[in-house]
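In what follows, chain A forms one complex with chain B and a second complex with chain C.
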Partner chain A sequence: MLLSPAEIDYITKSCDRNIRTDGRSRLDLRPFLIETGLLAQANGSCRLRVDATDVVVGVKAEIGSIVPERFEEGAEGDRDEDDAEVVRDVQAQTEDGGDGATDRGRVVCSVDCAPSAAPYLSPLALQSLSAELSQSVSRLLNGPGGGLDLKSLCIIPRRTCWVLYVDAMILDSSGHLLDPLHLAVRAALLTTQIPLVTVQRVGTGALDLDYDVSADRTVPVNGAIGVPVTVTLHRVGTRLIADPTAQEERCATARVTVHVDGKGRVCGVKKGGKGGLEAGLVKEAVREGRRVGLDVVKGLDKVLEEEGKGQRVGFFAA
Partner chain B sequence: MVPAANGSAFMEAGKIKVMAAVYGPRQRPASAGSTSSSSPVLLCDFKFAPFASPSRRGYLKDSSERAASLSLLRALEPAVRYEALPERSAVDVFVTVLEEDGVQASVASAITCASVALADAGIELYDLVIGCSAAFLPSSPDTPTNVLLDPTVVESTHPSCTGSLIMAAMPSLAEVAHFELDGSVSGEEVGESIDLALDACASLHGAVKAVIAGSGSGDTVS
Partner chain C sequence: MSSVVSFALPAARNPVKPEFTRHDAHLNDGESTLKPQARASVVLPGEEIATATSFMRGHGTYPLNDKLQSSLAGVIERVNKLISVRPLRSRYSGEVGDVVVGRVTEVGQKRWKVDINARQDAVLLLSSINLPGGVQRRKSEMDELNMRKFFTDGDLLSAEVQSFFNDGGASLQTRNTKYGKLRNGTLVTVPSSLIRRSKSHFHTLSSGVHLIVGLNGNIWVSKATPQSTEEKDSEMIYMGTNDDDFSDDVRRNIARTCNSIIALARCQVLINEVLIFNMYEAALDLDVPVKDIVSRREEILSHARKARDFMHIDETQ
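Now for the complex of A and B:
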């Protein structure tokens, strides 16, 4: 998208005066429309729309091995660096003294930006945007501030665990994508139901265990309520704005992404953009991001609670 | 440090040993970014030496090194005067960590070292970028705060560590070039850590400037 210097000047000055081009003030968010449970094949799903931004998230739970199987065979030639890293992490944790640090499930995230979401980007740039977004989600959910209780996803210690595949598609965009993406992922995880698994002992050895997957009983994912939401504040001119439109995003010189959970704990901060940022603005961004984020968490939890009672609009609703 | 490079620097901080080499501005490779734009680019490459850590690292970059390369780029970008570089040019920054002591602290040192190498190469900068890392550990009687600056690997991977951060600041401009925080910490702790990390960057700034003025004759600074 191209903006003329006059347009940039207009947007920048109006942000300084706290009236944005669509009438919002600096920290106001656009209303979002959210619907969950619309993909029958997924364990949890969500579609989120903010203005033209359209994000679909599906969560599939599959039973996998805690240490990916190909390492156990030790085929050196097949390993790529990512796998070697998993092995190193697992080994490092095992060396901690076997306190069960490895006994956890994991989340695998992928974000796919449809070409329709950013028609002005080249295929290569689109790919790197998708990679950046999936890295952000993956890093948050697998990291210390992700909220999910990954240990509860372990089925048989050191052997079997649930792997949650979080796959997001971005069908259309108007403005910054990280915030709606994280919000949709949170809603999808909150509504995810995974089959109940019971573990039985089949022998006398410590690992002589077998598991049985229930066909009809499901449980929610532990800790999904603790998954943070994301608020990105963009510096336009000398001030910070939340939830920018595509035009406003083009005028921003720097941004600060803040992840906040329902208890108001800051679960991650990351600065982005090409420009520098005054120290005072970084602190302001964390403070305001935390405040706005708490409102978003409350809003989302309320919407999801009421969703069951209202009329469902369906996937193709406008 | 590296005679073949246009600029280079070596830095030791405790156990950490980092070297940075800067090549360029030179012709932009076809692989770098979109070909339609003629603007110059900065290309950053962060790598741990295979023998830098207790467990051996491979020759190809793993995801933590790719993330660190990106952090390095984000930290240096705000300081570079792109308009002073020729069109369609690229500046390559290669950072090798010979010995690490915690990933965050290594990246922070890499940022400082790379900005000195950029200055050594004669790339115009608005200011030196100084990196600083911190970890959040619950306070004890002898540590009044939860924030631990420049943590060692033992501190940053301690089980009770609730988070860690990397700050890159441009102290003469009083601006933050890059900031990233992982973990789960309270709002007050974040504010406090930003102040502490900025102070640390400012105090390092003078020392690093003195080294550049003495044109890197192996000065030891504290």
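Now for the complex of A and C:
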């Protein structure tokens, strides 16, 4: 996206003066418009809109086997360096944990950006953006700070588990995508219902177990309430701003992504962008990110509770 | 410092009521028949409009099995026997004399490519710009080498559509002191179909905000500068840096104006300077914080329409 030097200067100084071009102050977020449960075929779904940004997330639960495709999340999308790294990360983690990955379910994530979401990006750049976003969701949910109780997704140790497929589609964008994407994933997981599975013993051996999937009874995903939200603070000029517009994002030199869960615990911090950050700014970013993140969690939980009472309006409403 | 996070649920929208066009009374004359559902002014792609034999088909229509169908989501327009569908959203298609706001995307041989939201980039020839200081002479090779000193990639400029090439691309000119490089402000983009032609597209509002309403849907909102200094500084017309003496009030007024324009566009209202100003004053009157103008647009718009004494306006045109 092109911006003229005068525009960049105006936006930067506006952020410094705490009167952003749309009248917000530095840490104000734009209003969210959210709806869950709109995809009939998915176990959980969410559509989130912020200004023009439009994200649809579907969660599909399927029964899979544990052993042969142990680290399938590494096989998602392009198998490049980073993905290999994820596999190693997970391996290292689980080996350290002692009990291994043999008794836990997993989450497979894919994010797809529609070409209309960022018309100024080339198809190749769009692909790498999609891959980057997929990876961010995958790392968040499969990592130690992801909140989900993956062990509860295990049905028969070493053999069968639930696999949660989290698929997101980004239909339009106006600004930073990571925060709304992670928020939509959290809302979709919170409203996900998976069929109840009962395990019976059929023999004398340790693994002589059989399972039965209930046709009508469902349970929520354990630990979905602990999935963190993401607040990314962008450095524009000398100050940090939250929820940038596309123009402000273009003026940002660096960014700090902070993952915060509902208890106010910081689950992860990542620095992005080409520019540098002073130590003080990083501290400020984590502090403010945590505060804003807590507000976001509270707001989301409240609106989902409200939504449960009301009537659903469907995909094409408003 | 407190941040307030706002979450909302989508509201059910009322079904669109068919509105009848002025021409409806004449549509059933003679043997020609217009499909009843197509008599509503808004049609969808693939919707039957009329029997093909009795009408001439214009833009946005195609014949299928002796029927005329719409190829667009849009509004039916009819001139005698000619039926066309004007799209609800489309790229800007200019007319000679239009004021546009565009962004330079490429510097070429004796010309700049300018993005004006049209189907193809417009061209600004080196011979169609003013030299700094208003010097009148032929452009030399020296000027050609200095082209990036006038406009470079990413620069925003206001210009006038001078003519069209055979392929439909527009040729622009900035041979007037009111056109040229833009600074001291910010750009708002709205659908070009919402911009209404008016006598002047340059306005200074009493709040110290200057507007350039480009007919291509780009609106430049900036700090108003006194006319006298503007003329004095004709040497500075290609300056790309902002003034230093920006007060917070001016910044806030610019933001309020931008949000008023976006709010009007979201309401699908035709935009002109009077309506922008009324929306702005209504937002002030209702004491709406600048950042909430877009989300509370319906309320502000109805207030703006009620209280027309902000500025004399004639919306019926």
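Heads up, the rule we're going with is that the second predicted complex is superposed on the first by the 284 of 318 C-alpha atoms of A that agree within 3 Å, B and C clash if a C-alpha of one lies under 4 Å from a C-alpha of the other, contacts with A are read in each partner's own complex, and residues count from 1 in each chain.
We adopt the following convention: contacts are C-beta pairs under 8 Å (C-beta built on N, C-alpha and C of every residue); 3 or more make two chains touch, one makes a residue touch a chain.
What you see is a predicted model, and the numbers here were worked out from it, not measured in a lab.
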Which of chain B and chain C A:R290 touches, first, second, both or neither: first
Which of chain B and chain C A:L207 touches, first, second, both or neither: neither
Which of chain B and chain C A:G268 touches, first, second, both or neither: first
First (chain B), second (chain C), both or neither touched by A:A125: first
Touched partner set for A:A279, first chain B, second chain C, both or neither: first
Which superposed partner A:Q135 touches (first chain B, second chain C, both, neither): first
First (chain B), second (chain C), both or neither touched by A:A215: neither
Which superposed partner A:D9 touches (first chain B, second chain C, both, neither): second
Partner chain in contact with A:G145 - chain B first, chain C second, else both or neither: first
Those residues of chain A which chain B touches in one complex and chain C touches in the other: none
Chain A - residues contacting chain C, complex: 2-7, 9-11, 13-14, 17, 19-25, 27-29, 31-35, 242, 291-292, 295-296, 298-300, 302-303, 306-307, 310-311, 313, 317-318
Residues of chain B defined as touching chain A within the complex: 34, 36, 55, 58, 60-64, 67, 74, 77-79, 126, 162-163, 165, 169-170, 173-187, 189-191, 194, 198
Touching residues on chain C, where the partner in the complex is chain A: 1, 3-13, 103, 105, 153-156, 181-187, 240-242, 246, 248, 251-252, 254-256, 258-259, 289-291, 293-295
Contact footprint of chain B on chain A as seen in their complex: 80-82, 84-85, 88, 91-92, 122, 124-125, 135, 139, 143-145, 254, 256, 261, 264-272, 274-279, 282-283, 286-287, 290
